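Read from first to last, the chains carry the letters A, B, C, D and E; within each, the first residue is number 1.
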Amino acid sequence: MEWLGLYNYWVVVVLMMVGFYIVIAQGNLVKKIVGLNIFQTSVFIFFISLAKLDGGTAPVYVEGITEYSNPLPHVLILTAIVVGVALTAMGLALVVRVHELYGSIEEDEIHEQDGKH
Amino acid sequence: MDLLIQHLPALQVVLPMLAAPIVMLMARAPRLAWAATTLTTWLTLGVSILLVQQVLLHGSISYHMGGWVPPVGIEYFVDPANIVVLLIISLMGAISMPFALRSVEQEVDKAKHGLFYAAFLLANCGLLGITITGDAFNIFVFFEISALASYALIAMGKDRRAVMSSYQYLVMGTVGTTFLLIGIGFMYIMTGTLNLIDLAQRLPEVNDTGTIRAAFAFLVVGISLKLALFPLHLWLPNAYTYAPSMITVFLSATATKVAIYVLLRIIFSVFGYEFSFSELNLGYVLMPLAMLGILIPSIVAIFQTNIKRMLAYSSVAQVGYMILGVSFASTLGLMASVVHLFNHAVTKAALFMALACIIYRVGGVSLDRMAGIAKQMPWTMAAFVLAGLSLIGIPLTVGFVTKWHLLLAALEGGLWPVAVFLLGTSLLATIYIWKVVEAAYLKEPAEGAQPVREAPMSLLLPTWALTVACLYFGIDTSLPVDLANRAAETLMGGYL
Amino acid sequence: MVAIAIVKIRNLFAVTMLTGIYSLLAASLFVVMDAVDVALTEAAVGAGIMIILMLGTLALTTSKEKNHGKGQNLLALVVVFITGGGLIYGTLDMPHYGDPEAPAHTHLSPHFTQESVDEIGIPNMVTSVLASYRGIDTLGEAVVIYAAAVGVLLVLGSGAVRRRRKDDPKANPKANGGEERS
Amino acid sequence: MNQVVFLEPALAIQLALAIPALGTVLIALTGRWPNLRDTLMVATAVAMFTMVLQVLPEVLAGGRPGVTLFELFPGLRIAFEVEPLGMLFGLIASGLWIITSLYAIGYMRGAGEANHTRFHACFAVALFAAVGIAFAQNMFTLFIFYEILTISTYPLVAHKQNVAAKMGARTYIGLLLGTSIGFQLVAIIATWWMTGSLDFTDGGIMEGHVGYGMGALLLVLYMYGIGKAALMPFHRWLPSAMVAPTPVSALLHAVAVVKAGVFTVLKVATYLFGLDYLSNLWTTEVIMYIAAFSLLAASTVALQKDNLKARLAYSTVSQLSYITLGAMLVSQLATIGGGMHIAMHAFGKITLFFCAGAIYVASKKTNISEMDGIGRRMPFTMGAFLLGALCVIGAPPMGGLWSKWHLVVGAADAGQVLMIFVFMISTLLNIAYLLTPVVRAFMLPPTDGYKGGIKEAPLLCVVPLSITALGCVALFFIADPLRNMLAGIFAG
Amino acid sequence: MNQYVVLRVITKLMIPVILLYGLYIQFHGEYSPGGGFQAGIIFAAGFVIYSLIYGLDKAQEAISPEAAHILAALGVLLYIGIGIASFFLGGNFLEYKVLLPDDHAGETFGIIGIELGVGITVATVALTLFYSFAGRERD
């Protein structure tokens, strides 16, 4: 069965969809950030599964082993995780400010307070 | 000097990056922070100008980061296409700094100036990095640097809605960059490389696969979110409206422009004209979106009473013009888009600066508060009117140069209705600009309104510098048109 | 799975904890897939920093999500399914999981796995790629995290305890910046 | 003649444009000293007219002096070249400005209007634009000055800043900008795209580049794009503009702006399309009928207007259609007649507007029904009104006779017998609506029981209108040189 | 939390271990998994635990917010500084080879240097973030 080899990716896709759904559909500002997190983490898993090589090992040089998993995606994801944290921190900081200014972290309530805009 | 010339591409990004932490440490001395930031932005502009010179003299420059030969290492790549964008960014950074002094002092808490300018430099550095890098993943990283800094800067607006709009921008922007990341991942698995030039060479072998098509789709959607292509523009009006004046000036002139540049690079250089337009018919998708994106935001703009918001919607419409040029899929159309990058940056920055002058004196720019303002601030309003004419596209302004080329491109493609549509929509711009003119010149100030004075020189001079640029480059068109022409030819030619 | 539970649960503390668990699960997946460095990072970040920040946020805001109408979620579902469909479509033509013939493993990867030890002289290839081949990426990473600090400082202030106790709370610098409304 | 010529034509052209531009700045700067400002304005007008005169001898001699300022894109220039039609328009616009500026000083002070400085500055810009249009070497240059003219006259129309003025000004700028960008610019760009040129060339530039079908479309776009020619149904702006102070209506909406419109029509017809090419387009005849309809319809409407300025405005709409019609007859004689009518109508109509303004200043009356017997207290004004009316009607010994004569002969020449009748009927209508005020003013007893003696408007109002009224008569006698000069259009 | 003596004692014992582990990860990154980023986080985690148990003010006495800001900036500057140093030694930006006469030594030196920069930045930034969130009172 040819598509069996793709199964791994599809699980990740489902995870991404769940995360993305939270971002779009949820009105709670914290949950949105959580959703973004899940969305991004799933993308990371996806990248890492790209790097896996059958028969390869972790990319740390050991005498005698020639097959390693691809280190490049690992590096990218390291960077991307950091970026993710940075964004989360920033997002949460904004949520805190929003709560201070509006007394709520529900999107619809905030829009109500601001009128039409 | 040789050392300097040799490392120009690295310096372009590193200068503001280096200055940001230093400026941040000047928290106790706001004026000093400002001075250091100004110096940095002007030096950055100097680097850009030298780069333009180098590219025009010697052709494209490839700079190998860490000394590693691409595609193993990361490459910085300067060619006629991105040099225009680099110039726009550093120019706008440089010109908005003298302006910032008074404006930021009024709008932002003094204790935060060091941080504020550090964030500004980071935004600047991020945008320059996106433009200059030749590596797909590096684009993502710099996107996030500039994005993080802009979120913080926007949240500094006085209105509490600034924070909320910053949050919305953060969510939408992050979704955008994550899409970008997915696209990059798809490209990577099919080609094994991240270097843009290398990608361009290796993609044709695999471009009949669904993966690459999906990659293309994700890249385009992700970037469209960043560049506020209709209907993905929802974050932009709020963000521009509530951000501090100086940040609105800078972002409106640069942020979306850079995203458009990335889109152009991906469509034309990486995937190539053939794939994008012949196989995937991107033009058929972009053109209606662009036209709707011109029409609807223009109409919405007419009904705004907050002028800053009105201009923000107008920015969405202007993005539509740029994308429309791309959708023609011709050198002429592309050239019109590139020249509009420059023209719109100058025009919109001038407009937002004029508004910032009014905000500085009056405190707000709702239509009511602007009633009769022309008598009190004649120079500011004169600049607003002239830049407004440029936005409409009246001849002898830069706006006309764009419109002219867009029209020619439409006619070249045999698209008569589009040509008529283009002219029709400039009438919409006339309506909303004219609403302001009427209020400012013909209405009497509201009862009890405090009379105000003309804006201070430090605000007025940069405003007028840009206004004069609107007119000068509308008459002596050779410089922007020439640069845009080279850029368009380079992009059409792909990387090969 | 954990992720789906997050959608449903309204107590945000629980959500936070589940997010942490999700991160740890992801980290263990990374180990399975040979990405030890990444796993270490994800564990430190997801289960560490992220949780602390979220708890901090919840402490400052509210931990209960409010009930609200569920009418508008259809559009969201459509968008999500289109995106998901695009992703699945994209994966159809992909090389299979672990396939050693995939271009990703034949083009640049061999350079990193075979020659980096000679060129750089250290055994951890991830570090070599990270710090040397893609040094500017990592510089960017450092700047991103630094930008986050700048941003959070701008938005929330430094949180210095001593200064706040000395000053009148109204004159506290962190409280300024956003509150005077126009 | 040669004694007054002391400058190279090329330099004179540049100065003719630079002087009003400089004048604008000076007027704006000297706003605080009204007398100095007004003196400067008159001086500017005189200096400008002198410059325009410098160009005249060479044009009379058959030359076409020109100068290129700069090139926007390859082939697209901001350039000037003076040919007979432009010479005529330039002379009229700048010459009448001197008189109008005197009148404006009297009117603005007499009627107690505000914002004099803005008024006079915008006026100077408008004149700058008018001369730019007159001297334009190509359609692009013309278009730019056309737009400057629109925008600079907007504040003049909205001058009173009340609701009526603002609404009128909105209609004004909306229609003029809308048609010029929506139609004219499309046509210009299409022309550029197909012919690669926008230069005004003898015999036109279309032949051989543009098919007749496309040409027919372009003609419609141009004719409606030139909104200032007030072809129905885009004539609404002209009556709207009547909310402006009278000097504006007099110079701009009887001379500079509307004449810029029909001047552009003539230019486009002769130098872009070319008469031969035009005769092959089926829409030429359509436009001709539309012009004929506008002509009659506007006259009929004018007949029903009680407000004097509104009546004159509709009369202007009708008279402009004479010229458009002349261009569409595709005959050299009719084209020359159209050109002459620019001059004749300018003098006639400016006189009429001056009179209307003088009546307003002296008695605050605006409606014809209130003007019974007014001739007795304002004999000079109403006498001038009579002369102006006769000129517009085309009765001897007024200049208007000659232009109508050429138009009618041109119609005969083109074989359009129906059009001869149109001219005839409209002349009757002219008489009906222009002579009734005169008759009521002189023949009927005053309704407001006024018994006193002569109470004219200020001298600065009366003198100018007398001058222009005499000009109407003078034109009858100097029509021949004028005709000869215009014949130069087809000599090149 | 003064009453939890057990916690306090254990924390006191744990913190040096955590910091040491952080240092190990920092400087052993070339041979085994880990590096500046992970080390920075772990290092910061030590302080976070300290402040959770002993209070924010005590932690800020150890490393004040200002000091954290300065260190964060210095970390980035160290990284960029190494990049720029390679300009003057004839290499491109971030070309570590040129830093020392021997290629491998230069590379290793450069990598250790920048990892240190990253480590400092990440640790102090994480701390800054924590201070910012924790130092805010709920209102």
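The rule is simple: contacts are C-beta pairs under 8 Å (C-beta built on N, C-alpha and C of every residue); 3 or more make two chains touch, one makes a residue touch a chain.
These numbers were taken from a predicted model, which means no experiment stands behind them.
Visitor: For chain C and chain D, which third chains touch each of them?
Guide: Touching chain C and chain D alike, sorted by label: B.
Visitor: If you check the contacts of chain D and chain E, which chains show up for both?
Guide: B
Visitor: Which chain has its C-alpha centre closest to the mean of all protein C-alpha atoms shown?
Guide: Central chain: B.
Visitor: Based on C-beta pairs in contact, work out which chain pair has the most and send it over.
Guide: Looking across every pairing, the one with the most contacts is A-C.
Visitor: Please identify which chain has its centre, taken as the mean of its CA atoms, farthest from the centre of chain C.
Guide: Measuring from the centre of chain C, the most distant chain centre belongs to D.
Visitor: Taking CA centroids for every chain, report which one is farthest away from chain A.
Guide: Comparing chain centres, D lies farthest from chain A.
Visitor: Indicate the whole-number Å distance between the mean C-alpha point of chain B and the mean C-alpha point of chain E.
Guide: Each chain's C-alpha centroid was found; their separation is 36 Å.
Visitor: Using mean C-alpha positions as chain centres, tell me how far chain A is from chain C in Å, no decimals.
Guide: That gives a centre separation of 6 Å.
Visitor: Taking the mean of the C-alpha atoms as each chain's centre, how many Å separate chain B from chain C?
Guide: Result: the chain centres lie 28 Å from each other.
Visitor: Between chain A and chain D, what's the gap in Å when you average each chain's C-alpha atoms?
Guide: Centre-to-centre distance between chain A and chain D: 70 Å.
Visitor: Among the residues of chain E, which are close enough to touch at least two other chains?
Guide: Within chain E, the residues that touch at least two other chains are 31-33, 37, 69, 72-73, 76, 80, 83, 93-94, 96, 122, 129, 132-133, 136.
Visitor: What residues in chain A touch two or more of the other chains?
Guide: Chain A, residues with two or more chain partners: 20, 33, 50, 58, 60, 72-73, 76, 78-79, 82-83, 86-87, 89-90, 92-97, 100-101.
Visitor: Which parts of chain B, given as residue numbers and ranges, touch two or more other chains?
Guide: In chain B, the residues touching two or more other chains are 17, 20-21, 24, 65-66, 137, 141, 144, 148, 151-152, 155, 160, 163, 182, 188-189.
Visitor: Draw the chains as points, connect those that touch, then say whether the picture is a line, ring, star, complete or other.
Guide: other
Visitor: Which chain pairs here would you call touching?
Guide: Result for touching pairs of chains: A-B, A-C, A-E, B-C, B-D, B-E, C-E.
Visitor: What does chain A use to touch chain B in their complex?
Guide: Contacts found on chain A: 20, 23, 29, 32-33, 36, 39-40, 43, 46-47, 50, 72-73, 76, 79-80, 83, 86-87, 90-91, 94-95, 97-98, 101-102, 110, 114, 117.
Visitor: Which stretch or stretches of chain B touch chain E in the complex?
Guide: It comes out as residues 3, 7, 10, 14, 17-18, 20-22, 24-25, 27, 63-67.
Visitor: Would you pull the chain C residues touching chain E in the complex into a rising list?
Guide: It is residues 36-37, 39-41, 44-45, 48-49, 52-53, 56-57, 59-61, 119-124, 126-128, 130-132, 135-136, 138-139, 141-143, 145-146, 148-149, 152-153, 156-162, 164, 174 of chain C that touch chain E.
Visitor: Which chain A residues qualify as touching chain E in the complex?
Guide: Against chain E, the touching part of chain A is residues 58, 60, 78, 82, 89, 92-93, 96, 100.
Visitor: Under the definition above, what is the set of chain C residues touching chain A in their complex?
Guide: Chain C reaches chain A through residues 1, 3-4, 6-7, 12, 15-16, 19, 22-23, 26, 29-30, 33-38, 41-42, 45-46, 49-50, 53-54, 56-58, 60-62, 65-66, 68, 72-73, 75-77, 79-81, 83-84, 87-88, 91-92, 94, 96-100, 102, 104-105, 108-109, 112-114, 117, 123-126, 128-130, 134, 137-138, 140-141, 144-145, 147-148, 151-152, 155-156, 178-179.
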